[in-house]
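By letter and in written order, the chains are A, B, C, D and E; residue numbering begins at 1 in each of them.
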Amino acid sequence: MNPLLAALLRGLLAILCLLTAFAYTMVLERKVLGYFQLRWGPTKVGPWGMLQPLADAVKMVLKEDIRPAGIDRFIYALAPGISLFAALAIFAAVPIGPNAAVTDPPGGLLYVLALAALGVYGVSLGGWSSQSKYALLGSLRATAQMISYELAMGMAVLAVVVAAGTVSLTGVVQAQASIWFVLPEIVAFVIFLICATAEGNRAPFDLAEAESELVAGYHTEFTGLRFAMFVMAEYIDMIVLAVVGALLFLGGWRGPAPVPGFIWLLLKTGVLIFLQMWVRATFPRLRYDKLMDFGWKWLLPFAFLNLAGTAIIVALRG
Amino acid sequence: MIMRLLTDGIGEVDLRDIGTYRARGGYRAVENALRRMSPKEVADEVSAANLRGRGGAGFPAGRKWSFLPGDGRPRYLCVNGDESEPGSFNNRMLVEDNPHLLVEGVICSSYAIGCSFAVIYLRGEFYEGAAIMGRALEQAAEAGYVGEHILGSDYSLRIVVHRGAGAYICGEESALLESIEGKRGHPRVKPPFPAVAGLYASPTVVNTVETLCCVPSIVNNGGAWFAGIGSPKSPGTKICSISGHVRRPGNYELVMGTPLRELVEEHAGGIRDGHRLKMILPAGASSAAMTPDQLDTPLDFDAMAAAGSLLGSAGLIVCDETTCAVKVALLGESFYAHESCGKCTPCREGTKWVEKVLARLEGGQGRPEDVDLLKSLVGEIGGGKCLCPLGDFAVTYLGSALKLFEDEFVAHAHGRTCSERLQARPTASVATGEVLSA
Amino acid sequence: MITLTIDGKTVSVEPGTLLVEAARAAGRDIPVYCYHPKLAPAGACRMCLVEIEKMPKLQTACTTPVSEGMAVHTTTARVKEAQHGVLELLLINHPLDCPICDKGGECDLQDFTLRYGPPSSRFLDGKIHRKKALDCPPFLVIDEERCILCQRCVRYEDEILHERNIVLIERGSHMTIGTEGRDDYGGYYSGNNTELCPVGALTSRPYRFKSRPWDLKMTPTICTQCSLHCNVRADVRHGDLMRLMIHDNPQVDGGWLCDRGRYAIGDAKAAERLSHPLVRGGEVSWDIALAEVQNALEAGPVAGLGGGRLTNEAAAAFKQICGTVDWRVGRQTYARVPGVAEATPSDLSEADVIVLVDTCPMEEAPILDLRIRHHKRVIDVGPVPGMRVGPAERVVCAPDGVAEALRGLDLSAAKHPVVVWNGRGELVEAIRALGAPVLMVHEVANARGAHDAGLETEGDILAACAEGKIHTLWLAGANPLRSYPADVRAALEKVPVLIVSDLYPTEVTELATIVLPVAGPFERAGTFTNLGGLTQTAAAVVAPRGLSDERIFQRLRPAAQPAKDLPARRSFQGGNLLVRPHLWSGGGNTRFDRTLEAARTALATVRVHPSQGLAAGTHVMINDVHEAVVAVDPGLHPAVVVVPDRTFAGLGADARLRAVVPA
Amino acid sequence: MAETSTETMVLNMGPQHPSTHGVLRLIVEVDGETIVRCQPDIGFLHTGIEKQFETHTWQQAVTDSDRMDYLSPLTNNLGYVLAVERLLEIQVPPRCEAIRVLFCELSRVSSHLVWLGTSALELGAQSIFFYCFQAREAILDMFEATAGVRMNPSYMRVGGLMYDIPPQLPGMVARFLEELPRWLADFRALLDGNPIFRERVVGVGVLGREQALAYGVTGPSLRAAGVAWDVRKAYPYSGYERYEFGVPTRTDGDVWARYEVRMAEMEESGKIIRQAMAGMPDGAWKTDDRKVALPPREELHRSMEALIHHFKLVAQGFNVPAGAVYQPVEGPRGEIGFYVVSDGGAHPYRVRVRPPSFYNTAVLTRLLEGRLLADAVAIIASLDMVMGEVDR
Amino acid sequence: MGGLVKGLATTLKYLRRPRATVDYPAKERPYPERFRGLHILDRDAEGLERCVGCELCAAACPVHCITVEAAENPVGAPYSAGERYAWRYEIDLLRCIFCGYCEEACPEDAIQLTPRHDLLSNKREDFLVGKDWLTVPRQ
């Protein structure tokens, strides 16, 4: 088979998987939040509300497509696409098994970091283009937030790269044969988790959409499919970063029992996603300036120190 | 002390016959008045006699007459013979047994007040009395005492007998006038009093039979003579009807001021054997009960009032200890509830309610709060809240009994009746005026 | 003036004023049941007991006149206790009817109980039960249980009506009110009882269960059923006229209403009302109908008849539009006697002699009769007795001998004579000769206003119609087939265009080319001038059905020249059949709504003299068409038979009365 | 260096905005995210309730009072009926007073729970919102069991109450009192130690003592500024003088202090509820003045007097002697006062309400200036205004 | 940090608590006897309408959502005991505030508020309910 065609097919398969995963992550989140909050979550569509995503999709498609007056039509239309594209594209370089990836380039991790940072363009442009003060504030916050946390995340990941000695994700997984990086790189892990949450604009870092302050932030003016794309991007981001987190810190598809590695990865990803939901259910939102403080004054120095420490240890060992 | 001024000859001769009556000096007063006295002189004599109305209130007749305005309207004299008070039967005796005395009194009085039309209003049940009266009037007319130019003088007088339809209320003077006018017997609003606007809106004098029967002797003997009989403030005699648990019930004409004890113990022969006096209702069912310790009260208007009761028409009802105070109240209230004219609210509604409560008490279905309820109802009906005094009369006995015999009421209210004791009581009916006659 | 203090407040009133009124002047309400300002005090209910200084007993404020320096207290503990007691006693036998009682919410018993009465009952021994919901046709419903025996109704009958329709029955706690020995109310004034009654013992059949007082919007206006124009209060609920109440105007009605005035209110809701304009029998829009009218008005000589229903404003517009107009569509010829002073209703009270000229006020202006019936001296001239209640000096004469009889009267000794006349017959000279002010009783409600607006024409319009001289005849509230003395069907049929504006379909709407449905009473505002010359305003209280007359005239421009050369008005020979007004005739309406039609006697009554040999209750035929019942009236002129007006269509001078052979 | 633009932006927060408690509109001028100026704009929930009082009978008007501060309707009920009762000069029986206190304190807890839940939600903490509402459910169940309705019970009447408390109520109260400390502990566990929360509230929105007094701020907001002012202590009503409870105060005057005060107040309310339930007197639960209170239903079928009073009181109501009173009560948001004027008729001539939220809203202008947009949310929430009450 | 963990522990605790919501309309929570839901017009022991059309409910209603029009009971076939009945009884449920004043006002115990509260329609006129809707069926 033509490798290009095969890659395309793999890509398509990955996209389908991601979309399905998105749909069910959303149901799962609603269920989990419901259970945290003494509710049931969705129950009406299908058994246990399992067909809810279908209903939501139908609803989203049928919703009136509102375009506010005076917007930059091109960018307004483009923005959700950027966000979704970025989220989906990350997965191209993420392996889900020893030889299971759309493509597994040697510098996959760099690709992941780069694309993860790209998502914010969608948010920024979407907010900026929709001629709404709330959306603008949301997009400004998102941009600032991204800058604040991108560095710390990079440094945390860098520590793993240093420890693993490779920027290939498969390599990083293989490097955890003896010990998952979560233990030696616990600081990096925590920083990664925090930054991943912030990257995904999820609570308590959901400043860009901060409902009670900015109504709906950057996507205030988006409806129907466009809105759905933002939501999809957010969830897919979360999933992908959880997979990446599992790969980087939790040993990827490796596991003690003789179960397929894919299952292991799924479990670990699930744990990370649940963790995010749990946090969302529990914590209040940070204030904008505190978020910046936290990012620059705490996370970055710690990440740097951790990187330095790791580097020193690796150097000493090496 | 018995003094037979009005009852002279009753039971001895047939006074219904004008001949007999004249033979005993009858119609001398008419002749005296018309031939020798001016109307004013007659009126003055009556005033001098201090003749007080025998109907109950004791208002001096002379003063009543003096109220008539002289404005050219015709004047009327109405004789109140609507004797309906339970226990009272003295007017009936006068009407039936001494009719000419009344006619003579009416003529003298009419002459005195300048009236040429007089009505003798008799109680509906006095069927016989009305017939006797009618015959007496015929005889008097034949003899020239009634009619045009009496005894050849300028004075003319028509007297008619009007029989009521059987309503206690018509003993009240304004209701009596309404009744004569052919209307429903309802008391009128006063003022104006009948003396100013009475029968057919003209000046009218209303006097009781017994009052007017006193006039002939005053005309004959002079006011001063009459004023000298009995109590200074209530001169003359009073026919007392006594009934109940005495040995000799009946009418006794006594000098005013005779002690109650004398009437009960001497003339009426005392309480029936083996029993003792419990109470006396001195003016029929409408009066406050008197107890044995009040037996020395003189029988005159003021002394009786001072004793907390009234002389009224002197229809004394004597009860011994077998009498149940509650039962007496019930009989009385049944009478008032039946006889209330219905015009004003407290009497119409109140008497019926009181009757219902008393019937319950009497029947053993009393409730503890009933005694207080009765006391409160006595206050709601009595105390001058009604249009005519009959409302007050309706609860006078009950009010006094609730004070004097409260224990009996309380006992009834707790469901205890005194029926055993009442077994011994002879049958009687208050409503017919022959109460408890042993 | 007498000065006294009431609850410490000093007030000065006329001598003879009763305490209850003085208290009212001082701003103190003393509760009363039996007292009513228009009735003599009775002192029966004992509700108004007050404490007067220096008087040991409580006194009734409704019977006690004021005296100088009196000090009255209305709120002392004794007074309160007395009020409490009276109310408690009034309530013991009162049925638990508030929820179903029409009076609920405007009941004095409720109001005073709430204000002065006991809050809970001590009475546990069964109530006395009496008859409930007794129908007393035509309009009253009697509930004996609710009666508190204030006797206002009985006294009203005695003192105001001098009738005895409602009397006291039985005695004491069994006493009640009722129509002794009858099952209906005989008079024309039953409705006032429902207002006098302080509780729900006397309620009215038409208003039965219709509304609650708190739902009513109350507007003062006037009644236009007869020419007196009594003042009323129109009570409207949710846009529907529910009832009329007394709205005292001493100059006009003295605070009473007759039954026709009170109950003729169903027009607004009547099912049989005309709903659409009709042109030649077809329903059309108003625009088309008015265009047709406009054409008709321009096509030839125009004349108009009517005026009884029209407001003064509408009458003026009618005159402007039709030119030749006349309100005299019935038997009445004059609205005023030229050259004679006009009397007012109040003059009747001042008058020492009242002369009734072949007029029956009780039928023609019933409330006027309440001023006449207890008058000391009434001379009643005519073939038919005009005084039904109360004493009168009857001057019986033949129908054509009224003028003669009047010439025999000498009123020179009278200080304030008043002549009451209904404007019928050629009596002007004879009446003028009496030299007394005349109070005209009109056949139609606003005759006086129509007269003032100039709705009078020399000559007979209908005769002109018969001669073909009129192209367009407009009947505005007139039905000549019923009210015209002669049969004029032929004349109406001869008119090329007959316009009828009316509320209901009538005999003339059948003949009409154009029918315009118009707003009825209480649906349109405007002024009316009453028989005493008093102009008053009627209010529109309900939504109109159709356009008002005035609005119709406004939408047409003033039109054509009046027709000329009309023949002189014919006079009619009365024969021995006299048509006389009765309560349900006259006014401005051509007919009534169905509820009232039903309330009227099923068969009309003809009155004959005993010498005619007809027994009361005999059925007779008039013109072999109309059936009627005979009533015997010895007060009639022997040669006279009286037929109620407006009951039969087309009764002319040639009408014949035929007795159905009695079995 | 190029000049940086210092242009500010006017942001329209509300009237439909997730955090503005109903329909408050804030015209906010922001420099970036910093608020330069803030102007509250009220009136979007103007219902004319004060005017509506005038169209109702005195008794019907109770339903109007419910609908102003719909989070503690019974407190409003109480303020209004107390005012009318003072005009009428009637006393309600002790049982009625105790029940009123019981329900007012339940209302206070219920209202504070809504405040806590929504405040936390606005700061982004989701679950606690549900926990608060779940805790409040028990109170609403009590309202429902007692008055039949959860939201606007109109349970109080001039002269008493609509009904007596139902037999199951004491058990419900006891269960609730048992649960309340556990709930509060959980809330504190979720918030007190949370650094994110503390950062959002400590030192934010400081309302000084002087400023609070100058603006007429009352209730927890005033007490958080160090003034121990509580109408229940200052002018006790409905027998509050017989209860032992503290008036929690803080001195910082920031959002945290207000949070602390309200949390402590819920505990104090718990104490009052316990005392009210324990000392609940037997006997009548409405006045025996039949000229005001409806007669017992069982009398309607036998007593004419009762029927008439019922009919008149229901249909046309009672008259209240002419006069005017001001009756304050301590609502969850502060002093809610009813200035009631009677012209002697069957309807209020005028009812003017002193709504604590109105004064608390007024001070917003001062508190928001210079703060961040995100603080605005925290501050608005901490002042706990109800727009139904502000606008009336 | 400790505070965050404590918070996480607290929410975790609630994960296993019973749910507070009910799967309405499949299940309904119990309603207290006094619940003020939709109205009924009751009948008496003989099966006659209790309502006599006295209009007190309409007077007591603070929002004027009740319209009553009364009439005289037909002889022989009465709707209610006594002379009077309501031929028209309408409640505008959209206006109703369920305050229960009508129930309190009714001297005949005719109008009652029940725990029923399933008020749903997309037509305005469905909320204007009349006697046929309100009156409980004859037993």
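Of note:
In the analysis below, contacts are C-beta pairs under 8 Å (C-beta built on N, C-alpha and C of every residue); 3 or more make two chains touch, one makes a residue touch a chain.
In this text, all values refer to a predicted model and were calculated from it rather than measured experimentally.
Annotation of chain A and chain E: jointly contacted by D, touch as defined at the top.
Simply put, of D-E and C-E, more C-beta pairs touch at D-E.
Taking the mean of each chain's C-alpha atoms, the chain closest to the overall C-alpha centroid is E. Among the other chains, the CA centroid farthest from that of chain B is the one of A. Rounded to a whole number, the gap between the C-alpha centres of chain A and chain C is 93 angstrom. With centres set at the average Cα position, the gap from chain B to chain C is 52 Å. With each centre defined as the average position of its C-alpha atoms, the distance from chain A to chain B rounds to 117 Å.
With centres defined as mean CA coordinates, chain E is found 69 Å away from chain B.
Along chain D, residues 127, 130-131, 134, 190-191, 194, 196, 300, 307, 311, 315-316 each make contact with two or more other chains. For chain B, residues touching at least two other chains: there are none. Chain contacts: chain E has residues 4, 7, 10-11, 14, 20, 54, 56, 59, 107 touching two or more partner chains. The full set of touching chain pairs reads A-D, A-E, B-C, C-D, C-E, D-E. Those residues of chain E whose C-beta lies close enough to touch chain D in the complex are 1-4, 6-7, 9-11, 13-14, 20, 31-36, 54, 56, 59-60, 62, 97-101, 104-105, 107, 109, 113. Remark: chain C residues 88, 91-92, 94-96, 98-99, 104-105, 109-111, 113-114, 117-121, 123-124, 212, 214 touch chain D in the complex. Contact residues of chain B toward chain C in the complex are 167, 184, 189, 337-346, 348-353, 356-357, 360, 369, 373, 376, 379-381, 383-387. Against chain A, in their complex, chain E makes its touches with residues 4, 7-8, 10-12, 14-15, 17-21, 23.
Within the complex, the chain A residues that touch chain D are 33, 36-39, 133-134, 137, 141, 203-204, 206, 210-215, 280-290.
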